[in-house]
Structures are given as structure tokens and as C-alpha cells.
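Which chain is which? They are A, B and C, in the order written, and residues in each are numbered from 1.
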Amino acid sequence: MSKTNAGNFFEDFTVGEVIEHATPRTITEGDRALYGALYPTRFAIPSSAEFAESVGLRPAPVEELIAFHVAFGKTVPDVSLNAVANLGYAECRFHRPVVPGDTLHTSSEVIGLKQNSNGKTGVVYVRSTATNQRGEVALDWCRWVMVHKRDTEAPAPETVVPDLAPVVAAEDLVVPEGLDFSSYDFTAAGEPHRFDDYEVGEKIDHVDGVTFTDAEHMLATRLWQNTAKVHFNTEARPDGNRLIYGGHVISTARALSFNGLANAQLIAAINGGSHVAPAFAGDTVYAWSEVLDKAETTAPGVAALRLRLVATKGRDESMTLKVTEDDKQKYAAGVLLDLDYWAFIPR
Amino acid sequence: MSKTNAGNFFEDFTVGEVIEHATPRTITEGDRALYGALYPTRFAIPSSAEFAESVGLRPAPVEELIAFHVAFGKTVPDVSLNAVANLGYAECRFHRPVVPGDTLHTSSEVIGLKQNSNGKTGVVYVRSTATNQRGEVALDWCRWVMVHKRDTEAPAPETVVPDLAPVVAAEDLVVPEGLDFSSYDFTAAGEPHRFDDYEVGEKIDHVDGVTFTDAEHMLATRLWQNTAKVHFNTEARPDGNRLIYGGHVISTARALSFNGLANAQLIAAINGGSHVAPAFAGDTVYAWSEVLDKAETTAPGVAALRLRLVATKGRDESMTLKVTEDDKQKYAAGVLLDLDYWAFIPR
Amino acid sequence: MSKTNAGNFFEDFTVGEVIEHATPRTITEGDRALYGALYPTRFAIPSSAEFAESVGLRPAPVEELIAFHVAFGKTVPDVSLNAVANLGYAECRFHRPVVPGDTLHTSSEVIGLKQNSNGKTGVVYVRSTATNQRGEVALDWCRWVMVHKRDTEAPAPETVVPDLAPVVAAEDLVVPEGLDFSSYDFTAAGEPHRFDDYEVGEKIDHVDGVTFTDAEHMLATRLWQNTAKVHFNTEARPDGNRLIYGGHVISTARALSFNGLANAQLIAAINGGSHVAPAFAGDTVYAWSEVLDKAETTAPGVAALRLRLVATKGRDESMTLKVTEDDKQKYAAGVLLDLDYWAFIPR
């Protein structure tokens, strides 16, 4: 009863407050194997200890999204258990690779609050930081969620809306220490395409599709210790469907993007993202990407692509993101995810 | 044909006989990761190497139920392949943590036999002991199962019914060597509730529910090398359903109990348990707990709670275990599991 | 678009050409655990570090089929992405155990080409070799697949059909270095049957059955980084079914064969195999074996059985492989797999 976690409601948050989230989590080779079973990923660095060492990374890091999902999952019981909607992400940077044996701990600072005009809900902005067992920052990110009020009569807090960057500046990307792409093996990595082969505005249809099952998305979501009820319980939604964790769609789309972006191996930052529509078991998900920007780094052979990753329900060979309806730009039917990120790629 | 294992029938057992079960099994980080994917567990000790070390345990043990399921699975081909029903457990104690790299081997002594009056079946009582690669006892437990006779004409053995304790005495609980809760981090563990906050008779509704799938319970049951046909084969039961291994329900309920019992981190003993009703894919399982007893230990900061863990199909906010029907106490509709165990918790 | 892999078509292959396949893959304890969750395997050597050491293998190798599936998966994007059918295997030998930490890399030499008379397809023969991070051969095998032509007008290449051995000669089997079965523990391994207990022509019904699910075969197939669309995408076939990867059937049948062949622990070679019929979720798969041949080795206590492993949809207690129809030998209804392999077993 009173001993169970009811989660925080809108009026429980205060700007400036720092929440230490529970359950530190040690990453293991088991997580790497499960990630490979859950998503069709073939990026050579997390797949092969030898390949990783050949580009200066030893031991081989796990995929950045493993770290993201674990670190994100920790925030759910405190930040979004009573969320109406996950509204957005910004300023997510990966500061150093996560390797098996690392233990992640997440804390969040409340950086903004804005009650909605209906008086029933409000938007909470947090900056979350995941650190490893040495206290080093592994990744940080901002997100904002719409949260229920417990008591609609509770007074509205002063409105504070943080000023979030629409995109992480290229010069703020953190190249993993030691990363050296100067003798990169394109054959082992699976594709010949390097930085210079991609042009801003280019779109890539990743071709392959995956049909979701309930067992798989629940295995994934539990692995990240994400406890949101709607993912696990057919009695939690009126339609009896288990809503698929948005991160499951991100990881699926990212893995599918190997086909055409095999060398965009390391995620450096996530600039923003929208879960445009919900996904359920039985949906067949495809992905396409658009090159949004390009940047150099000072690390040997290492450049960066800014990419839009779009997941769709059903394949859209036209790769249409938005359509005009009633003089407004709206996402095209079938779009599930619109993610904007930076990845490192060999020059 | 004759080379396959037909299992033992009632008349094959002799009181005092010791059966060495096959297939020693090495526990790995892969098991820990899979357990976290299969069950919504967030207990900080098995989740985090750093947290475990902070309470004196290094390396981090895996959950006690991993050891239990693996050790139990070994007994199935010899003890319960021809079982009609798994009647009960008693006197299960965890003697030392199991860590990755440990190899478990199980043997069972037949401690009782009682032919049923119908002459077709009998009850076999065994005490099973799982040892690690150093020959140290990891856990032991008693169980009794109703087993078919191969030949109903076979003479009944002398009836021997062992005297089993209804509950493991608090002074017989084995605190893991080195366990020290005196600087326990309640924030990292996820809840502030300590030993003194729980009262005998208190009930806790764990709130969350999980809807089962066939893929998940089969993955789990195979992982424990449990070979009972009914869990895997839709042709093994007239109704075409795969019966979910009772241990899957135990692990699900135990993981759900984190919400309200996050600090009851280590299972010390299982006093008894009943699988009240079968569970199948599509069932949504909830859990509630009742505090049955409390005890001190001599280890620094370490106390113990005796808990009843009840799994139900559908949520029962009234937390009713039994109802009176026709002057008899019967389990309430929806109850799947009634498990009685001891857990260590910080004072 | 042009950046995605369209795979090779028949006219893209040249006899003598060597293809280096992408994505080296490091094997971990996570793979071992997942294999045990996906297949009902209980062979003592891969299950127990102590058992493996007791027969001279340290660390414990993973199952040979893990190495096979991973090595095979690498060839799919280059060899069989445009395949009509996987026609056969031959001359597969396991040269040394694969252990966690080993990284596998696969290359294939085109050893034969034969355009079909319809001018639309052709048969490609390749010999594939998987090496570890020290450049040592882990396994090699031949397979032949029927592949589409991109351009039916492309000229037919000179027909080259390699001379493949119908069976790997016993004297060419490679006993793992250090393997010593002279103090083999039959109790721990689970069955008393040794080399001398098996007779050529003997058939063994493995009794147990497993009903397939989509989630499980997709988890497995992804784990091997096998990208063939038909396994994952309900939109890839007119019937809306996801075709189960043939290797999933092989691993299931091999694991079921424990019951009767528990001591045939190590696969030494695969002489040939046919995927006789497709398998889908909902099928219940059983297995039976036939002893085809027996051979001695010079290693202490180590002998070899040549076995036919047959997987069937539904149990066939008569163990019928082929029936005569219209004067032709045809596979009996229900046969899914006919695999011919050598396994090491204690004398």
C-alpha cells in the first residue's frame, strides 16, 4: 500500500532539485548478446573485440543505445511513472564508451516546469546524467514529459522553460579516447562507404523490415529495468495491447540502418527525437535515413554525420517525412519515429 | 527406444537411496542478463557489482532463484518425469551466494515413500542438495511429488513420512559470509523501508502486473534445463496449452515484490510453497505479500523478514488468500502461488 | 538506395574468387546462455566448466552449432541474399573448439558454378572457412545454393561442379587437442550408453517435442547475424508466415537428441544435410536418430559415431525417413530435416 512507489506527480517537482535514481546496473557480456538477439545489429565495433581494438577501443564497447536504455530506464520510476506523454529529447551526448563491467548510475536535475492551461497536467524538464563506477559521465541528456497532477487544486509553480539546443554542436561531440579510424577495415565492417561518399540531403532506404512480437519487446524493456506498466500488462490499456517501449523502435531502426550506414558505427549524440505514433506487436517496421549535416573531428580518420533516422510501419520507398494537410505540415502516415543524431564515421 | 530416459516410477525409489543428478551447470553473466530480461527484477545487489561490494559481497551474487531453478531442474529427469503433481516444498535454505563461474551439481536422497490407497501412485519425498565446484553446499531443500507406478501390481513399500519443519527456524538462516548492511544505501536500493518499518500481519500490494507469453516461459524453463514436456509441447496436454513452469510464476512474483520490498534483497530460505493453480500464456499476474514474522541476526545491520508471497491471476486489491466454502478454507479464486520465505533486510 | 547491399546474383560469381565476409563476431558467455535458453540442450561439456576440464578441455567450448550458425550467418549477405533455395551442405569439419573470447571471421571461395537450363537461376558452390583471432581454422564447410540471375541475358559461365565427398572420412575428423575420455563421468553426463552400446542401423526415438514460437526463432537467427528477410518479416512471403531458419531446426533436433545420445557430446563433422520442408511457428518438432557408422580415433577413450538426425513435424514413432511413391523414394510426410554428422563419444 503506502510502501509501494506511486511515482512523482507534477506538483512534486521543484526546479533545481536533483533526484538520485535507484538501482545501479552493471553492464555485462550478457547484455551485449541479448542486444544482438533482440535487434538485427551488425556494427563491427560492438560485434568484434578484434575490430574494436583495431580502431583503438579495448575492450570493445557495447552499443551506445544499451547505455542509453539502461540509463533512461532508471529515471522512469521517479520522472515518468505518471506521465501522459514523453514529449521530447535534446542535448544527449555520449561522453565515453561503456564496456562490460561498468556500472551505471543515473541522477536527474529538474531544469524546467510549466503547468498546462487545463490545470490537470504539466510539463517537467529534466537533465539526466549517467555516471560509471569511477564517477565519470557516460552520457547525459534532457527530456521533457507531460505529467499528471495529483491534486488539480495544487498551485502552479513559476514557469521555467529551459533553453535547449536544437542540435548538439559538432565541436561539442566527444570522440572516444584513442579512437583512430586511419587503418579502418571497410571489408570487415561490411560496406565501402566513407564520410566523403555521403552528401547532405541524401536519403537511404534501409530496405529490410522486422515484424514485432510481444515477447521480444518485453524482454528488451525489462532488460533495461524500465517499469512502465503499459509495456507489460494487457490490462493497462483499454485496447488490451501492450505499447512497445519507444526505445525498442529506436534500437530496431538503428540496427536496420546498418544496411547503408554500416560505417556510421558510433553514436556520438542524439539531437532530438519524436515518437510519432505508437507501435504494437504485429507491426512490421522499416527504416530510412537522411543525411542532415557533416562535420570533421580532430581525431585521426574520424568524421561525423548528422542523420535523421525514420522508422515507419510498413515500407515507404518514397521516404516521405511530412505531408501538408490543411495548410499544416504533419507526419506522413506510418511514421513511428523521427530521430536526429550524430554518428562517427571514417573519413 | 530403450536408450531414452523413461524416468523413475514410484516403485523405483527406495528410502535412503541417493541419486546423483546429471549435467552440472556453470552459472555465467549470461544467466544474470537473461534473468533480468525474463523478470522485472531490480534488486540492487544482483544488479550492481558496486552495490554488492558495498554490502560485503564480491563478486555480485546472482539472484538466489537462479540457483534454485538450476538446481531444481537437475532433479526433474530422475524425480518428477512421471509426476502427477508437485505437492510441496520445505526446509529450503541458501547456504552461500552463487556467483558467475560457479558450477552447480545436485543430488537427492529419498527420505520418504507413501503409496496412495488407489495403488496407482505414491508420494516420493526427497531432500536435494546442490553443491558448487568446491563441494560446498549452495542450497538444499525438500520436496514431495506424487509419482505414477509403472506396475500397479508392484508391492507397496513400507510407508515412511519424514518429519519436515513447517518453517526454517530463524536461527538456522545462513547469512552470507561478509554481509554487512551497516552502511546500506537506501537511495540506490530504491526504497527507504527498513526492518523496523514492517509489521507482522502487514500486507503489501505490489501493484504491477505482467502478461505472460509462451516464448518467455519456455526460454526461462530451458535455461534451467528443466525438461518437463508440458512446458514446451502443445501436444502434451489435451487443452493444447503449454503449462507454465511454477518457478516462472515464483520468479515473476518475487520480481514484482520489489515494489514495496526493495530492501528484502536476499532470499535466505523457502519455508514452503504451493502452486495453487496452473498459469498459461495470456494470464496477467500480480503479486502481494504479507509479513509473517521478523527476526534478528548477528550480522551487522542484517535482519530477516518472513514473508508470504502470493501471485494472483488478475489483481486482487483485497489481498484475500483463502475463503470459506462449505465450511472449508479454500484458496480464493485467482490465487496461483502461495510461497512462504525468509529474506534478509537492513535494520 | 545504391548504398544498401543488393547481394550478389548468379552472374556476379567467378570460380576461384574469394569473398571476405563482413562483421567479425566475438563469442561470449552470453551466447552460451542464450543458446541454452533457445534450445533444450544439456550436453555436459558446454554446460559445465568442470566437466569440460575433466575431459581435457579448458575453458569449456561452446556448442559447435553456435560456431556454425555464426560462421554461416556471415556468408548470407554475400552468398545467399538472392537465393531461391539452400540446396545442400558437405565436408563440414570442426577443427578446434570455439571458446568465449574467440572472434570468428568467415571467407568463402567459389568452387563451382552451374547455370540452370531455364536461364534464370544457377547453382553456386562455395567452400567457406571460419577462422579465429589467431588465424586458426575453427571450421570449414561447403554448401551450394540456387541463386537468381540479375539479368537473364547474361552469358552462362563455364560449368564447374566440384567433387564433394558424400561423407567426411573418419580419419579426417579432428579430435580437439587434449580431449581425453578415459575418465569420463557417465553419471554427470546423464546416460550410461557408450560407443560399444550403439550398433550401426540402430534407431533412437528422442521422444520429446518442442512447439516453435516466432519470438524464439527470430532471437536465435538475429543472434547469428543472419539477415535473410524471410525469417523476420511477415510481409516477405505471400502466406504472411515467417520462415524458420533451417539452423533453428538443426539446433532444436540436436538438443532433443540428448535423450538417447547424451554422450555423443561433440560434433566432429557434418557430412550433409537437407532441409526437407519449411518450419513455422506453431509446429511441434520431434527428432529421431539412426546410427550410420562407427569409427575409432587415436585419442584416449575417444570414438566417433556417424549419425543421421531427423527432425519431424509431429512425432513419428515408426521413424520412417523415406517412402516409395511412383517408384521414387520420397521423404515421408512430416520430415523437416535430414542431417548426417559425426560426433565424438566415449568408448
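The rule we apply is simple: a residue touches a chain if its C-beta (ideal position, glycine included) is under 8 Å from a C-beta of that chain, and two chains touch if they have at least 3 such contacts.
Source: prediction; values computed, not measured.
Because contacts link each chain to all the remaining chains, their graph is best described as complete. Chain C is reached from chain A by a rotation of 120°, derived from superposing Cα atoms (nearest 5). Chain A and chain B touch with mostly distinct residues; of the residue numbers seen at this interface, under half occur in both copies. Averaged C-alpha coordinates give centres for chain A and chain B that are 37 Å from one another. Multi-chain contact residues of chain A (touching two or more other chains) are listed as 28-31, 33-34, 213-216, 219. Put simply, chain B touches chain C in their complex at residues 1, 3-5, 20, 22-26, 28-31, 33-34, 77, 100-101, 103, 105, 133, 213-216, 218-220, 222-223, 225, 227, 229, 232-236, 242.
Interface residues of chain A, counted against chain C in their complex, comprise 28-34, 36-40, 42-44, 47-51, 60, 187-191, 193, 197, 203-211, 213-216, 219, 259-262, 282, 284, 314-315.
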